[in-house]
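Two complexes follow with subunit A in common, the first pairing it with subunit B and the second with subunit C.
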Partner chain A sequence: MIILAMDALDHNLVERYNCKNLMQTEHGQTDISDFELPRTVVLWASFLTGKNMEAEIPVETQWEFKLAPDKTFLRFFGSCLAIDVPALSLKEKNHAEERKLLKKYFDDKASLEDYDSLVWRNHEENKKDFFGSLGRFDLVVAYFDLADAIGHLSFGLAEKMSSVYVELEGIAREVKSSATDLTLVISDHGMKPVGRFGDHSENGFYSLNREWKLKLPKMTDFYELIKQKV
Partner chain B sequence: MSLPNINLVVIGHKDHGKSTLIGRLLYDSKVIPDQKLQEIRAELQSSGKNQFEFAYILDSLEEERRGGLTIDIVHTPFKSERRIYTIIDCPGHKEFIRKMLTGASQADAAVLVASAKEGIQPQTKEHLFLIKILGVNQLIVAVNKMDTIEYNEEAFREFSESLKKILSSLDYNDVPIVPVSALYGENVTKKSDRMEWYEGDTLIQVLDNRVKLPKPLSEKPLRCVIQDIYDFEGKKVTVCKVETGILKIGQPVTVMPTMEEGIVEKIESFGREAKESSPGDSVGIVLRGVSEIRRGYVVTGVAEKTEQTREFVAELVIFSDFTLRSGDIVTIRLGTCETKCKIEKILRKVDPVDLTVKEEEPESLENGEVGRIVFRALEPLYLEEYSDFPQIGRFVVLGKRGAVAAGIVLEKRG
Partner chain C sequence: MEDHLSNLEKKSISIIREAKAQFKNMAVLWSTGKDSTATLWLCRKAFFGRIPFPVIHIDTSYKFPEIYEFRDRIAKEWNLDLAIAKNEEALKNGVSPEKGKLDCCTKLKTEALKSIIKKEGFDALILAIRRDEHGIRAKERYFSPRDEEFRWRYADQPAELWDLYVRPAEDFSHMRVHPILHWTEFDVWQYVRRENLPMNPLYLAKNGMRYRSLGCMPCTVPIPSNASNIDEITEELRTTTTPERAGRAQDKERAYMMQKLRSLGYM
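== the complex of A and B ==
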């Protein structure tokens, strides 16, 4: 199985940009209304465990939170690889660098270009890791934060967001052409514009290359669904 | 000819006789129907009260309003010979500032009611502070309950002197101070013969003579806040609300904050073409020559040379379980515009009760606290100082679950 965990992949934008490969056979919006706030680490941890982890992950230390793989659906697979997945295998150095540069940008000590190029560099690294792992594991979960990291500073810039979605659509296209595994594309939340910037929204997204006929699934539903199907 | 309207906010400590004074003004100006007064008298008698209580007029009207569909904060207006005065309630610090900030009310002048017997109380100062930061610059003081100090001139003069010190510390200078007894109607609408030593006007005369009429919104420079954009038969129709000024066909305009210039090609109101629109109108307009337009932008007149703002100083009150720290990135909503700002610096934390600066350059502000803050917009922004354009000079800070703080723009810093 392949899981493309795409942070802030927005249901509306996937449809607006007509990203057919991201949409796969079946697609829709996820229901994250059980969560008080759409927090990245909480949502991914809940997705992985099938439990609402909001109360267990304090805001201040959320990026340090880590789950044992046997507490997640990874335990249903023989061999697994989780690439840069929040609450599981986050590349802490890369994300710390992104956060540091974001702060520098807000302090006028770094340019938007500096920040964007770091985000793209980290993205390329994950992409390389991901495609290098295909066919070698029973499950590969790969996390891409491009839509989130670029979106926070540029969600109102249509041209830039369009290039982000072209890139993510390209990943989905390549997966489709090179693998026949069950593929789930899922985001933790969507994104809404705040002027030129972007904030998390409840407009999350999922898609499958099989027909599961899901209707507004909750993030926590996928744990059981994966267990049953696998 | 209809009389001009003035919005008055009546402020003061809770037991200093605000309601009695408002009741007296309503009673003396004969806006309460006789039948209503009879009902009030009967109710008072049945509850064993022999003396007429003017504050009861307000309570009675309040009950009536609560029975209706909306609970408004505006009381029944009262009339003088020259004007109609609409009184805005001032229920308390947070409620007051929220209502002012949400645009529910905009006071043209304030009447401070201070009891001659109890003297200056914490809430007196708190309310003064609030109206000052909210840009209410016209103030009149009614020193009430003069009957309880036997209409003593010396006591009034002493009290007035101590009041003047506080008023001048807030830049309220040359404020008329009227000794009154709202209970007995002395110097409210009728000249008192128990205070012959007072040679000034009655409260109502002071209101008529000293409070300047607000400039009509239509005479102010053009400001239209954009609410939405639709593509209609290949044309971009911009839906906007005219806040001030007059919007006319053929008028050259500047769209802020992009500073793009264009011409008003068409105005549509309720499905019909119009030649112009006035403050309060929500209209659809077609702008020629404008390529980028979004919800939150503002249409202004070209001649006005409006400018973008990147940094501004605001007074902010936090009314939710929320902590604001220097360096935080927050989302603000100003009119229909949502944008990101950095808290560049918290200049001071102010105690709204005793007017003192509680802390210079504090690290954070918590729920219930008031502070003066330097905001830096992360993208060019268009706003105005609250005292010039309240409609685009007030904003809320949005937390994850809605508004957590409200502020007014005191100063634009370019």
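== the complex of A and C ==
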């Protein structure tokens, strides 16, 4: 199985940009209304464990939070690889750098270009790791934060966001053409504009290359669904 | 054939008259800036010299002295029924831009406006926003319903085809009416020149700087410019690549985003 965990991939934008490869056979919006705040680490931890982890992950220390793989659906698979997955195998240095530059941007000590290039560099690294792992594991979960990281500072800039969606659509297209595994594309939340910036929204997205006929699934539903299907 | 400005003016006046006919208790917001002053002028023209509803000025107490002077002078000259909305309680509690720009804007502008709407029972408000100001404003309608929390459902707005402004059937707290939505910044300045409208002196350059958009003193910055009269401003607008609200809007959005990113644990 392949899971493309795409942070902030927005259901509305996937449809607006007509990203057919991201949409796969079945697609729709996820339900994250049970969560008080759409926090990235909380949502991915809840996705991985099938439990709402909001109360267990404090905001201040969320990036250090780590789940044991046997508490997640990874335990249903023989061999697994989780690439840069929040709450599991996050590349802490890369994300700390992104957050540091984000702060610097707001303090007028770094330019938007500096921040964007770092985000794209980290994205390229994950992409390389992901395509290098295809066919070698029973489960590959690969995390891409491009839509979230670029979106926070540029969601109101349509041209920039369309290039992000073209890139993510390209990954899905590549997967489709090179693998026949069960593939789930899923985001933790969507995004909404705040002028030129972007804020987390409830427009999360999921898609499958099989028909599971899901209707507004919750992030926590996937644990059981994956268990049943594999 | 009528000229461009006359066509703009004609449509705006018909919107103002339509709003007056549809709503019982309307008011117009006036910041004293060029857009809202031009809108007041259009309201005067629509009703032959006298504006038949209150003119609301939201006073944050952090505005430029020139804004207060201009407001009081024009209110007297144009015989306006001026209502000043001020959140005295928040000011007493020390709300200020230094303590947080987003909170300051919410308390001193949004809450002050909510309070006067509730107190006076206004069912419609005329606002001088324009589609060319900002991406999100480009989605606005001439008649735009709001709920009590000022929420705007931009994905579900009434259609305005063939200049028909149909009041939505569902409940709403008040209607926002935008009579100069179709104007550009350039149009407004040309109109100011044509009608010889009074204008806040802050718009004119002094020592190589002028204000292109007026807000509160701590949150508004001037732009480099040598345009010291309206002809020079319109000439400057023909070639500028700087967004109109460059000195204002991003500041608020940035403040909002910083706060959000903190709450989400990014910073």
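Quick notes on this structure:
The criterion applied here is as follows: the second predicted complex is superposed on the first by the 230 of 230 C-alpha atoms of A that agree within 3 Å, B and C clash if a C-alpha of one lies under 4 Å from a C-alpha of the other, contacts with A are read in each partner's own complex, and residues count from 1 in each chain.
Methods note: contacts are C-beta pairs under 8 Å (C-beta built on N, C-alpha and C of every residue); 3 or more make two chains touch, one makes a residue touch a chain.
A quick note: this is a predicted structure, and the numbers were derived from the prediction, not measured.
Applying the stated clash criterion after superposition on subunit A shows that subunit B and subunit C collide. After overlaying the two complexes on the shared chain, residue contacts for A:99 are found with subunit C alone; subunit B is out of touch.
Set against each other, subunit B and subunit C touch different numbers of residues in subunit A, with C touching more.
Legend: residue contacts after superposition of the two complexes on their common chain; A:63 is shown touching subunit C, with no touch to subunit B. Legend: residue contacts after superposition of the two complexes on their common chain; A:197 is shown touching both subunit B and subunit C. When the shared chain is aligned, no partner comes close enough to touch A:19: not subunit B, not subunit C.
In the superposed pair of complexes, A:41 makes contact with subunit C only, with no contact to subunit B.
By the touch criterion defined above, A:85 reaches neither subunit B nor subunit C. For the superposition on chain A, the stretches of subunit B under consideration are 94-102, 112-120, 166-174 or 202-210; the one running into subunit C is 94-102. Overlap of the subunit B and subunit C contact sets on subunit A: residues 37, 106, 193-197, 199. Those residues of subunit B lying in contact with subunit A across their complex are 296, 327, 329, 331, 337-340, 342, 378-379, 400-401. Residues 36-37, 106-107, 193-197, 199 of subunit A are the ones that touch subunit B when the two sit in their complex. Residues 37-41, 59-60, 62-63, 99, 102-103, 106, 152-153, 156, 193-197, 199-200 of subunit A are the ones touching subunit C in the complex. Residues 134-136, 249-250, 252-254, 256-258, 260-261, 263-267 of subunit C touch subunit A in their complex.
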